[in-house]
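Some structures are shown below for you to check.
Two complexes are shown next, each including chain A; its partner changes from chain B in the first to chain C in the second.
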Partner chain A sequence: MRERITSLTRSNTDLVWLVALLLVLLVAYQHYDSTLFTPASVTILSAQFLPLILAAAGQTTVMLLGGIDLSLGAVLGLAMAVFATYEAQGAGGVVTAAVLALGVAGATGAVNGALVAYAGLPPIVVTLAASFLWSGVTLVVLPQPGGHVPAGLVEAYNNGWYGVALPVVAITVVLAGWKLVRTTRHGLALYAVGGNEHGAYASGLHTRGVKIGGYALAGVFTGLAGIGLAIQTGSADPTIGTPYTLNSIAACVLGGISFFGGVGRMRGTVLGALLIGLLTNLLLFTGISPFYQLIVQGVILVVALALKTYVTREATA
Partner chain B sequence: MNVRSVRGAVAVAASLCALVAVAACDVQSGSDTADSGASASPVAAKSLKVGWSTIYLTPSWMQQTLKMLESDVSKLRSAGKVSSFKTFNANGDTSQQISQIRAMIQQKYDVILVDAGSSTALNPALEQAEAAGITVVAFDSLPTTTKVIRVGTDQKKWGSMTATWLAKKLNGKGSIIAMNGPAGVAVSEDRWAGAAAVFKKYPGIKIVSNVHSEYNLAPAAQAFASAYSAHPDIDGVFSQGGALSAAALQTLVKQDKKLVPITGENYNGFLKQWQAEKKNGFSSFSTAQPNYLSVIALEAAVAAREGVSVPQDVTVPLPEITDDNLSAYVKTDQPDDSYPITDLPQAEIDKLIGK
Partner chain C sequence: MTSDRMTSDGMTSDGMTAHRTTGAEVVAMLRGSRPVWAFGVLGVTWLAAILFADGFDSVSNVRYLVQTASFLGIVAVGQTLVVIMSGIDLSVSGVVGLSAVVCAKVASGTSGGATTAVVVALLLSALVGAVNAAGVVWLRVPPMVMTLATGTVLAGALLVYTDGSPSSARVPLLDSLANGRVLGVPWAFVLWLAVTAVAGWLLHLARTGRYAFALGAGESAARASGVPLAATAFTAYVSCALLAGVAGLVLLGFTGTSSLTMGNPYQLLSIASVVLGGTSILGGRGHLLGTVGGALLLTLLTALLTSWNLSEGVRQVFLGVLIIGLLLVYARERRT
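Our next item is the complex of A and B:
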């Protein structure tokens, strides 16, 4: 009970800190772009941030299990390629394409999970190998940038559908879905297995099944990110996913997800991903030299992490 | 409790620091706004706010491109046609490049130049910029959208003209290794498509290995070395990039092997080696993705703003470097990692952009 309370305090301190940082960024952003809080800007920005948020959600699921997913960028590219390559004509076609892409992405996750759970291989090795495998498969599916997403969908997604920001809806639905999953036996088991695998096994959980399920769920999140990116860009590109691997890890770590598993919250991840997205955009506005932008970005991330760790250390100790 | 309040104080102080840092950035932006304020006055109303978004800025080709672009900017600035110029580097991340273009739309740029990281992914963002009244000109690595002006070379022709030279040089028969750029990248795929169509017409030519690598010397050298060790009896190399050609030639020279013909690009390291090995019987045929594409792109944008009807596709002819005119291109006093090519005369540029 006591542990539960401390853990609760800690994640809350995390979140408060992140929200404060986010507010600072928003104020600065508002200064450069006074249209920030208009529906049009919200739609554009959310369309831009959605892929990273969803990718980070996938990464979070794996990290909660104590793993790390290096194949995320490759799977994202694969899902994107499958989605845009499939005859995406008409509404029925889009849904079929999405189901197909999510199925493929979920399956790649399940394979990772099975290898980790049954072969006992370290997640970092399994997912590294998987990253080569799936980027190769992606090139078979789509040898060069192309594919097609219905123009109406691209338009509605990027510029709003009757004033509704579809990406925001998507993120809300995913978060609500995650909250539901968390309340189920499987969701709780995810935390238990990630936090203390032996303990979880001893208390009668099917730890291997939980792992496979968790990795598959991560695959589905990654697939959603790929679909989002395909709709945002109106096409697919086999090599576009790569940066998402490391960016998603950065968003998770910033959001307070532990590398050791079992600790962290999805809303922290969402805040982390938002912070990274806003920060990169903000640096574009400041107009400092492109090389310094990278330096500033790195320094701010490290300082933010270090400060957050410092502020919350009391709770951890 | 006490410790906690100290930590709280630290957090507050840190946030303040962050605010100060942001405020420091404000100073810079303050001067920017002053600039744009000045440009709003009727006299300077025509000078344009120009931004360039590029997928990479670090390669030496990009650095040279930027330099040419900057010198043209300063020329246009003193002519009162351009008021400001900014470069954005996406560092290989196409999603970030989309953010850059959206940021430029929000900041009301007049002209966006773009060197695209993906031939398809930027289309919606670029079309949105066009719809917002911004003149968008893409160059070098082009997007597929037909709504923007595209300044480039014919990549398929690049592949076919160099492949034709190689096929003829080998009298239509022999084994060759093909050195291509990264798989899945449009430029690389297009050049190869052009070359593959030519090789199909020469059944005597056998492609024993088709290698993909980055357009960089080190990875290309590794890729070529492993392909070559598996097929040491080749009669030629089709290469679609200067660093790739240099890597292949270097390997042959280092291993003291027969110097087979290798196609190339105006990468100074390769041209220097070519000249040095010419007396040993080495022969090549090279072309170039000229750095002045950036200048043509900017001139096209300015012309379009001035009401000139610039063609949607500006195809810049590919230069031809042969054994005979090599000495006019190679710059022995310059580093390997440079791309020797001289400016295109203004008259030629004007002709290309329909002035």
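Our next item is the complex of A and C:
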């Protein structure tokens, strides 16, 4: 019981830090853009942040299992390409395209998971090879930027649909879904297998099945991110996914997801992704060359992780 | 140390005649010597290439192949040093670009000659390696995140430095290094072999190598038995970055132009070479020669796929499937 309380407070101190940092960023943002809290701004910003938030959710799922997904960017591009190349007519067409893209993304995740679970290859190697494979498939589906997303959908997504910020709704629904999954045996099994595989196996969990399911779920998250990006930009670009691999890992790391599996909460990841998104925009406002973005991103990643290691080391000592 | 040997004892003729070996034992012995697998697969692929594609038996083609394999091979040798001590370097693409871009800019500028340019590029590359090692050792940041971060920082720094448009430069010294030959053998290949020899000595004969293997096999145990983490990590990461820098210079000589993304293909391919060469990505097990086989194999496969006029996408699909397939055959981790 006592252990639970201490671990609970520790996970919450993590969160407190993140929220504080986010508040600082929001105040600074407000200074440059006073329309920040208007519905229009929220819609646009959420449309812009949704792909990273969902991609980071996928990366989180894999990292909770103790793995890492280097093929995330490739799968994101693939889902985007599938979604945008399908000639969608009307709402039914869009749904079909989305289901198709999600099916493909989920399947790629399941393949990763099956290779990790059954073949005895480390996740980093499997997903590395998979990144070649899926970016190749993406180039076959869509050799150069193109594709088409119904204009009405793009408009509604980016500028609000009767005053409703669709990206916010999408993120909320997905996170609520994750919350639901987490309370089921499958969600708990994810943490159990990631935290202690042998223990989980000994307690009668089908660890391989859990892994395949977890990687497939990550694929679906990544697919949703790809669909979001396609709707946001109105078309698809086969190579646009690449930076999402790093950024999703960065969001997870900022959000306190452990590299060794089994530790971390999805809300941390979401805050981490928001942090990265806001920071990127903030850098644009300051007027310095966007080239500096990458430098700042890299430095923040290292500083955040080093600080975290330092703080937790103090706490456990 | 648990390093794989090129010829494990079981494969000598002595071992064969001493007792009748069953098929399973032979397979087990082959499994135990992964670099042999890498070269075996390379040989088979080469044979297939000669049989089913045009021109792979010609001397000029072989020469071109080993020349282009050198660029990847030099990076992969450095990557092996890091992977053996259970690290990984995801900043090599950035370093390749850094060294080429900086060298081209300094050489084409009024400030310095070719020698200055080369020295500056290599010093900067080594500095990146030192930063990687410092982050891993002192800040305790996982190698993957640390090197990803430095790679990202490098990409940004290069954009700032070149304002998005890197200059091209013909550096005579590098030009002859990349394209020239000695006794019909490309200088680039000679350089690769020399690099491999030095790194092989460092990894398999010198004490630093023993330390690297020990750290890769289990860090806490290694540290408890007095293996110096900092010195070993600095040697490995600095060597890796330095070699990536060398590869960048050779590439600059080869193409005559520098670009911000010229290192990108080498990131994943260098790791793939290491793993295909039979080195465990988790560290502690492997042989440098396997990496040489891996780099040759990947270059040959790419050349083969190109010769069939496949589109970029189909080529990548093939490469991905082939890598997974080969890894499944001989590079599985032992279950714990």
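We take it that the second predicted complex is superposed on the first by the 284 of 317 C-alpha atoms of A that agree within 3 Å, B and C clash if a C-alpha of one lies under 4 Å from a C-alpha of the other, contacts with A are read in each partner's own complex, and residues count from 1 in each chain.
Criterion: a residue touches a chain if its C-beta (ideal position, glycine included) is under 8 Å from a C-beta of that chain, and two chains touch if they have at least 3 such contacts.
What you are looking at is a predicted structure, and each value in this text was computed from that prediction instead of being measured.
When the shared chain is aligned, chain B and chain C each come close enough to touch A:L139. With both structures placed on the common chain, the touch criterion links A:L284 to chain B but leaves chain C unconnected.
Residue contacts after overlaying the shared chain place A:L175 against neither chain B nor chain C. In the superposed pair of complexes, A:D237 makes contact with chain B only, with no contact to chain C.
In the superposed model, A:V302 lies in contact with chain C only, and not with chain B. In the superposition on chain A, A:A107 makes contact with neither chain B nor chain C.
For chain A, the partner that touches more of its residues is B, with chain B and chain C as the two candidates. Applying the stated contact rule after C-alpha superposition, one finds that A:A119 touches chain C and leaves chain B untouched.
Using the contact criterion defined above for the overlaid structures, shared-chain residue A:L294 touches chain B and also reaches chain C. Overlaid on A, the two complexes show chain B and chain C touching the same residues of chain A, namely 138-139, 143, 289, 291, 293-294, 313. Residues of chain A that touch chain C in their complex: 68, 115, 119-122, 124-126, 128-141, 143, 246, 249-250, 253, 259, 289, 291-299, 301-302, 305-306, 309, 313. Put simply, chain B touches chain A in their complex at residues 3-4, 7-8, 10-11, 14-15, 18-19, 22, 25-26, 28-29, 32, 57, 86-89, 91-96, 98-100, 102-103, 106-107, 117-124, 128, 144, 182-186, 189.
Those residues of chain C whose C-beta lies close enough to touch chain A in the complex are 88, 135, 139-142, 144-146, 148-153, 155-157, 159-160, 163-164, 268, 271-272, 275, 281-282, 311-321, 323-324, 327-328, 331-335.
Residue ranges on chain A touching chain B, taken from their complex, read 17, 20-21, 24, 27-28, 31-33, 35, 41, 44, 48, 51-52, 138-139, 142-147, 154, 158-159, 229, 232-240, 242-244, 277, 280-281, 284-291, 293-294, 303, 307, 310-311, 313-314.
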